[in-house]
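Below, each structure is written out as structure tokens.
Here subunit A shows up in two complexes: once beside subunit B, once beside subunit C.
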Partner chain A sequence: MSLNSDQNYGALWLLTPTVLLYLATFLFPLILLGVLSFAKFEASITTLGFYFDNYIKIFSDGITLKIFFQTVRLSIYITFWCLILGYPVALLMRSCSPKIKMILLFCVVSPLLTSIIVRNVAWLLILGRSGMINDTLIQWELISKPLPLMYNEFGVILAVVHVYLSFMVLPLFGALSSINSSIEEAASSLGAPFWRVFLSITLPLSLPGIMAGCTLVFILSMGVYLTPVIMGGNFILTLPMLITESVREQYDWPYASAMALMLLLAIGFMVVLSSGLQRLVSRR
Partner chain B sequence: MKKTIINKGIKRRTVIKSAIAAGVGLSTPYFFVQAHASSDPKVMNMYNFDGSLGEFYTEHWYKPFQEKFDVKMNFIKLKGSRVPLEKVQAQINAGKPETDLMPMHQDQVIFAERNNLAMEVDASKIPEFSNYYEKGITKYGPKMVLWCYGLAYNTELVKPAPTSWKVLWDPQYAGKVAVNEGLKDQCLQMVNLAWKGSPYPVDAETFKHLSDLRPSLVALWSGGADAEQLFRNGEIVMTPFWNGRVTKLRGEGLPLKFATPTEGFFVRSSVYGIPRGARNPEMAHEWLNWVIGAGPQKKMVEYGYGTFNKLVEHTPEEAANVIVSDPEVMKYAVSEDFNQILDNGKEWTDMWNKWKSS
Partner chain C sequence: MSSVELKSIVKKYGAVTAVASIDLSVESGEFVTLLGPSGCGKTTTLRMVAGFIRPTSGQLYVGGSNMDGVPPHKRKVGLVFQNYALFPHMSVQKNIEFGLKMQNTPFEERKDKIIDALDLVKLRHLEHRMPSELSGGQQQRVALARALVIRPDVLLLDEPFGALDKQLRDHMRIELRELQQKLKISTLFVTHDQDEALSMSDRIVVMSEGQVSQIGSPVEIYEKPKTRFVTDFIGRSNILSGKIETEKSNKTCLNAEGLKLPNVSKTSHKSESILVMIRPECVLLKKPNSKNKITNYKNTAKILSIIYLGSIIQYKIKVNNGPALIVTESNVGYSDPKKFSLGDTAEIIIPENAIYLIPG
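Here is the complex of A and B:
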């Protein structure tokens, strides 16, 4: 046995607890999920077997697929707004002093340090019918009745973007920081205006960061649950909400398992697509 | 040299052995704790609700029992008003329910019965049943916490006091009302009561009336705490709600009242059952016998929910709050078909979701 393969075994031994943990908490439940998704649920009783009823229902009941695409659409909106709002922040972080950089970083990460309930209740106080914004606008006589700022898609997107912005900014900041600034300086010194430098150098070189950030935010958004429940007033339905409802109210584990696997496959597809695009970008 | 010795020592077989040893090592404390917990007859595991009802349980139903019987109670906090029976089912099938008692809504009792999740209680161990109304006793345990689903409204902003569910559809309250998404079966039955005079069937016509209401709705709230928040923030002036919460909010100074519409309202209760395979059924029987007694039940009446105990006396204010002790009001109570609720739940939920996303 060569020294190298011996070293590999040494590394394997160190991995044992992690592998065991993953087997017990990820792989085993995943197998259970797969088995359950082919079970049948009738008259409140689950029968194990190999039935395709749940998968057929997903594509034929006229609602699950619709909600799935609604979830994808919501995730795309969230990802888009995170990118639009996050890119300037990452650019600014790259160019400012270390002290300002730390302050910006703290601002971006701070929503993650707050409890989800506290955060959403804070949004109620800001966006509610008698919230800060509506009260101020009414006092200034700019509006006569409160604007519908929450319990709708706008409220959900705003609250989710607020949290997931950090998952966009951090990879973007990493990608932007790795760009050799002398290339941009050279372009500027040769007379290229700021927007040209940005479009021809900064943006293309930051594409790996954009891809990573978009993938992260999209995947997280596909699984978002509590914020749409609170901020959407239950009017905005996402697939995770449907899965929870199926388990909690109908006790229909088989159907919930099939939907969960569908969600997992969609996310897996997104990851594969994203890594393919990243390879394409890095080759260019 | 040192590296060579280490590398010689780590072979494939060693890795596998280490993995097994690590697995056993990691799981030993868990099995030790489980075995210890199951062997202690003085420990009982219970669910508790969040919010004010949970505080009530702790203060009046758990603490005094612990002190009187010198037992230790461990609590698992519930989110919302329903025990996650799907989780309990998985635990029971694995032979380890996490608690010794579980409060079940009536549709959950049917689900538990069909799936053999609850033990039948031994009535001889619950002598307090003799002071309980017959309809409050089931083979799985006593019914407790009688609550009503009626109309909660802001007394300053809704005038005159509503007597019909149809007031929810009144254009003057558009954008100021909400209905419940949690326990949506009640909401659907309410729409039927308002417009069809009977809670069933839930069909396209039901959803047509809901669609008429939709422009007026601020939110579809999930739990009582959400509705409470909507009232507190001034988002709504009216919603179908449960009476106990209204009593509590009125006690805190909110100008709220609970109305029982003349088209009918619903009365529900929870059955406290013992999960199959519970570790301490003896202590569970003990608690059930104690808690359905006049003392603990009177406390619940003071809180705002009704009781099946014949010995509990109500002050006029308590009688008004609990609703169920007033025969005149109870004339309007409509009984629900929980088999139908359970069996049609999936279909109703699909229709509800289609309506929501339409």
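Here is the complex of A and C:
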């Protein structure tokens, strides 16, 4: 190291604004959340203390746990479809010319560049009861009643997959690009047909990208709020919705805090699980 | 029967011609090298044989059958890359086993063949290692074993030693050639390294800008280059433009930019301008006044620079009223190592058989 320690400390001080921001907006609210989750809420009065009431309620009221698992299930579906739809795109991006690669990249990222309201209203116009698809199909007399394309799980999954696809495609593309194509050519020259090359070589070697993409999409899906609200109507309930409702309708901050912590724990568990799996795979 | 045969193979990328009509055959058990600078089309040719690139026109035969429209996995070729291209997620054993599995070889037979292949490259003890735990040379040997274990019709090697250091490269060169001769496997080898080409090949195909410049044995390529390009590319050489002249004694002689040489062309067409090649190692430098009767053509030269290269000493000399030449002398320890110093005058002797006229 050519830097002396004085210079190192000098550089560290530059982090102060970031550190303060994190302390104020992340660590402090998190501590508050923890403290509140053990508080008691009775007759609209919050009593601080060390009560397990909120946690007991989560596990015993029958509905919260159900919605939690529904959120997990929805997130798994979203992750699954992102993977299925994103993998071919990443494969294509890897093998096409730089120009087409840029166009594809733009297409994949474009939902992120669109306002969430605009995006969901657009889906409404396409999937709604008298939206583009239903109108056309009825006009062509292919169906007599409008298809239920939104205000159900299908609509929510479709709209969320649309946005989060980029979080799957980018890590996948990264992992696939790092595979030297001569490795695949070697397999092919050894007598492996293309599907065999894919299954034995490309897929296993892109596993780090799959893991990263799935973890990312799953975490984001667990917390997605506005899209399910718009696309699901009141028919699809997720944990973030329940948390919001608890705060906004009942002013029950302690219960909301407990649910939020539970969501955080579930996500943390997923991160630990996926990084553990990844270590296991790379060691093999 | 030839193992590989290319008949007027052409590869064009739009308006760019990568390979312009190549005719070539690799006979059974033969070691043929495609030699040329980067971008000469040698790798493109190899990849066409492997099936990764489809020729624009022409016929390609591997093991006697036409390869038109045959995908890579249905061709019996063993391919070794410069970057080894081992499967990083499989052990050495699994890497070698892959091709056998694709051929549906039964388990017991597979085991024996893997052991044979590992013995062949002397890596039996590393069977369970992962590629990342091997050195470059070991990885390249695994790649070789993996390609050989499927008993290919032809072994294709794409600059296989490019990523190894010099000592290991020299070692692998010998090892590969021995292995190839032992197995009598037809081999098509791509390299830009002339030492590799000269030391390993039965035949060398020198390529330049998508075309074959010359096909011949290493000796032919080095000593009797047919084109200016081959002369320039292989070894170091002095290339001079020469003219046939008639001397007073009515004998003809060769005047190479002022350097008087015996007429080795056997013709006496005076107007002809010819290219004269003299290999640096063929020129002898003598102290002036030393008595010699080798030739009538006495030329003297001045030493312009001396480069000490260990086993050889390279001089740059300027012939009086003539061209500058590069001359190398082997550094025989017992003779005076400092035979010449800068500015010295030397007598140069060029034996008749060291003068080569480039055709065309």
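Methods note: the second predicted complex is superposed on the first by the 271 of 284 C-alpha atoms of A that agree within 3 Å, B and C clash if a C-alpha of one lies under 4 Å from a C-alpha of the other, contacts with A are read in each partner's own complex, and residues count from 1 in each chain.
What we mean here is this: contacts are C-beta pairs under 8 Å (C-beta built on N, C-alpha and C of every residue); 3 or more make two chains touch, one makes a residue touch a chain.
Everything quoted here is computed from the prediction, not taken from an experiment.
After superposition onto subunit A, the modelled positions of subunit B and subunit C are compatible, with room for both. Shared-chain residue A:13: touches subunit B; no touch with subunit C.
Residue contacts after overlaying the shared chain place A:118 against neither subunit B nor subunit C. Looking at the superposition, the partner that touches the larger set of subunit A residues, subunit B or subunit C, turns out to be B.
When both complexes are overlaid on chain A, the residue A:67 reaches subunit B alone and has no touch with subunit C. By the touch criterion defined above, A:235 reaches subunit B but does not reach subunit C. Chain centres taken from Cα atoms put the angle at subunit A, between subunit B and subunit C, at 150 degrees to the nearest 10. In the superposition on chain A, A:245 makes contact with subunit B only, while subunit C stays out of contact range. Touch criterion not met for A:142: it reaches neither subunit B nor subunit C.
Looking at the shared chain after the overlay, A:191 reaches subunit C, while subunit B stays out of its contact range. Annotation: superposed on chain A, subunit B and subunit C show a minimal Cα-Cα gap of 38 Å. Within the complex formed with subunit A, the residues of subunit C that make contact are 50-52, 71-75, 77-79, 81, 83, 85-89, 98-99, 102-103, 143, 146-147, 150, 156.
Only residues 6-8, 10-12, 14-15, 18-19, 22-23, 26, 82, 84-86, 89, 110-111, 114-115, 178, 181, 218-222, 226, 229, 233-235, 342-343, 345-346, 349-350, 353-354, 356-357 of subunit B touch subunit A when the two sit together in their complex. Contact residues on subunit A toward subunit B in their complex (touch as defined above): 3, 6-7, 9-10, 12-13, 16-17, 19-20, 43-45, 61-63, 66-67, 70, 121, 124-125, 128-131, 151, 229-230, 233-235, 237, 242, 245-253.
On the subunit A side of its complex with subunit C, the touching residues are 180, 182-183, 185-194, 196, 200-201, 204-205, 284.
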